[in-house]
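After this come two complexes, each holding subunit A, first together with subunit B and then together with subunit C.
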Partner chain A sequence: MKKTWSKWSVIIAGVIVGLVAVGLGHYGNPGNMQLCIACFIRDTTGGLGLQTAGPQYIRPELIGILLGAFIISIVRKEHAPKGGSSPLTRFILGVCVMVGALIFLGCPLRMVLRIAGGDLNAVVGLIGFVGGILTGIVFLNKGFSLKRNYDQPAIEGVAFPAINVLLLILLVAAPAFIFFSEKGPGAMKAPILISLAGGLIVGAVAQRSRLCFVSGTRDAVLFKDFGMLLCYAAICVVVLVANLISGKFKLGFAEQPIAHTEWLWNILGLYLVGFGSTLLGGCPMRQMILAGSGNSDSAITVLGFVAGAAISHNFGLASSAAGTTANGRVAFVICVAVVFIIAFCNTKKSSSAKGAAA
Partner chain B sequence: MKITVDALGLSCPEPVLKLKKVIGGAKDIELLVDSRSCVENCTRFAESKGFAVSVSGGRGQYVMTLKKK
Partner chain C sequence: MEYLVTFHTHYGAMQFNKLCKAERIAAKLMPVPRELSANCGICVRFTAEVAPKPSEHEDMEYCYAVDERGGYTKKED
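Up next is the complex of A and B:
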């Protein structure tokens, strides 16, 4: 068995993800939001009518990512139904991560895409994201754990992919109870087949490369393993070059697509995302990939993202191009307190070397 | 003396952190993990610390044998 990936394989993975993002942008997805797990979960939540104040569209990219990971994990015999590792805690962390992402306006993947588009607000947000990961690392080093998972019945591992097939059917059939935005970001979309194909490619590549926007920084700090950082760099360079060629690159803070300029809240929003995601063991993209690979704890986490998206828009927490909201700022304080409480309550003092060995 | 580390059911980075705690003075380690991604992460870390790694088992349980070169 090939045990490790080479630097080139993660760079190639990054190039492929970057090219898919460029393609999706070319075919109609919003500017600097060609692919975003948080935004697209929010859109899908709206498409199902679970939130009515934000964009509404069942994003085929997400369905593709999940099914791409599902298929490749089956093919490579890595699909394994697992679950039972603090599921409710993971759900709550998922809610908090989504609240943070919608304060910043994007997941870590979109942060990279925004940087590649010249959006300096995302560069500022990166500071908070790294700060959040470093905070999570402090707890990991002190013994933070959401405890082990256990084998589950086969249906537990296929339920989430099946739900996504159902979502695809609903999208194509478009019954009256499914919502479609007529203007705004939710109305900016690549054709379904292209979006689905793009998602399948990204899901397969991310499953193979273990692409995660938290693990790069986390593992660089914890284990001096810098490989995954090359993947982010590859995505950024590919999208940056495409933006420069197509004239979409615009350096600055003001009037960036679907972004606000409140620097403190860009930092704090992504701080919450980085902190929560580190405790969860992976970024929103990684949770999607693990959910497709049979991990029902990650599926629960994604459902937490869905709940977080519904709460964010129904309760007026989500930011817009005009900036953050008072409700969003209060929600941030509550969510960051909740994440700290979860971190403290699941951290036991680091055991000795002998104690660690079972 | 062989050290056995049971990291079954734990998701990354916890298995690597458990390995990191014992790898300092060890020469012979048996590490139990249950996912391919954990095998890959632990292998990279062990190799960076000068260990030769062999893996047996399959889906559900991998037994990693780490020997100091």
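Up next is the complex of A and C:
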């Protein structure tokens, strides 16, 4: 078998994702939020009426990412229905990751897009994100495991893509029970077809390149393999250049689009995201890609994100441009405690080596 | 012969790597090559005389023989 995946292919993947983000921003998506898994899941949760306090719009980008990964994994014969690896624990971790993301205001992908827009709050948040991943790695090295997954019936692998097709139908048909924000970030959107196409491209590229904001950092720390970090850098550079050309680049902390300046909470929010995602084995975007590729554990995790988004807005945990909330700070403490409990309870001491290696 | 073994879990790879170390087999933990898997787990690459059987090791998925040109051939259990 020929070695086909070089560093260049990962960089090209980053450039493509960056260009899609620039395009989506140009066509109307919110500032420094051209593409964000956490925010867009929150918007979709609102569109379905599961939260009524935040933005509401079924984001076609997410449907595209999911279906893009689904289609390319089928075409490349990599689609595999798998599941059964601690699903409820993954759901809970998904909730915690989303609470963290909505305290910071963005997933790791949006963190990179915010940095490319000159938002220094995201640079501060990056410290927390890396800290969270390092904490997760400590547990991985100590023997953390959510146990293996198993082959599942075909329907288990197509159920989530089917749900996304249904979401697309609901979005286009727009029946009265589907919500659409009339102002704010939920009302800032690229046309449906452009959003969907952008999502399909990102989904396919991310499936092929295994783009993940957590495993890339893990590989850099554990194996000194910096390939995926080049992918993040490529996304950042492409969007940065586009922002400089279009005049959208604004360096500083204050008055950044859909961001707050509470540095400690920017760090802590992304710490929770990094820690939880490392235990889950992938960032929110990666969970979407795996869910599209047939992994029902990742689909459950995404449903955890949905629940987390609903909880965050209905209970007033999510931050806004005005800053964090008292409820959000309490929720952070609870969520971090929960993630640590999950980490400790699933870490077993290495059993003595059994049998010969060869 | 050089082999590369993939795992269902990160934990399985770590355990097998420890086992290799305990038996003084030169082994290396690394990300799974893209051409072998769409998943982003870790694998162990090592040199041994006999291929390990995936069914005999916790969470081991597949064992591949690595040829001189870097190609992989899946070994049957």
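Criterion: the second predicted complex is superposed on the first by the 346 of 358 C-alpha atoms of A that agree within 3 Å, B and C clash if a C-alpha of one lies under 4 Å from a C-alpha of the other, contacts with A are read in each partner's own complex, and residues count from 1 in each chain.
FYI, a contact is a pair of C-beta atoms (placed from the backbone, for glycine too) under 8 Å apart; a residue touches a chain by one contact, two chains touch by 3 or more.
Everything quoted here is computed from the prediction, not taken from an experiment.
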Subunit B versus subunit C as contact partner of A:Gly281, first or second or both or neither: both
First (subunit B), second (subunit C), both or neither touched by A:Gly316: neither
Touching partner for A:Lys224 - first (subunit B), second (subunit C), both, neither: first
Touched partner set for A:Arg148, first subunit B, second subunit C, both or neither: both
First, second, both or neither for A:Leu140, with subunit B first and subunit C second: both
Which superposed partner A:Pro191 touches (first subunit B, second subunit C, both, neither): neither
Which of subunit B and subunit C A:Arg210 touches, first, second, both or neither: both
Contacts of A:Gly252 with subunit B and subunit C, given as first, second, both or neither: neither
Set of subunit A residues, in rising order, touched by both subunit B and subunit C: 1, 3-5, 76, 78, 85, 140-141, 145, 148-149, 210, 215, 219, 222-223, 225, 281-282, 290, 350-351, 353, 356-358
Subunit B-facing residues of subunit A, complex: 1, 3-5, 76-78, 80, 82, 85, 140-141, 145, 148-151, 210, 215, 218-219, 222-225, 227, 281-282, 290, 295, 350-351, 353, 356-358
Subunit C to subunit A touching residues, read off their complex: 3, 8-12, 14-16, 18-20, 22-23, 25, 27, 29-31, 33-35, 38-42, 46, 48-52, 56-57, 59, 70-72
Interface residues, subunit B side, partner subunit A - complex: 3-6, 8-14, 16-18, 20-22, 24-25, 34-37, 39-41, 43-45, 47-48, 53, 55, 58-60
Subunit A to subunit C touching residues, read off their complex: 1-5, 73, 76, 78, 85, 140-141, 143-149, 207, 209-210, 212, 215, 219, 222-223, 225, 281-282, 286, 290, 293, 348, 350-351, 353-358
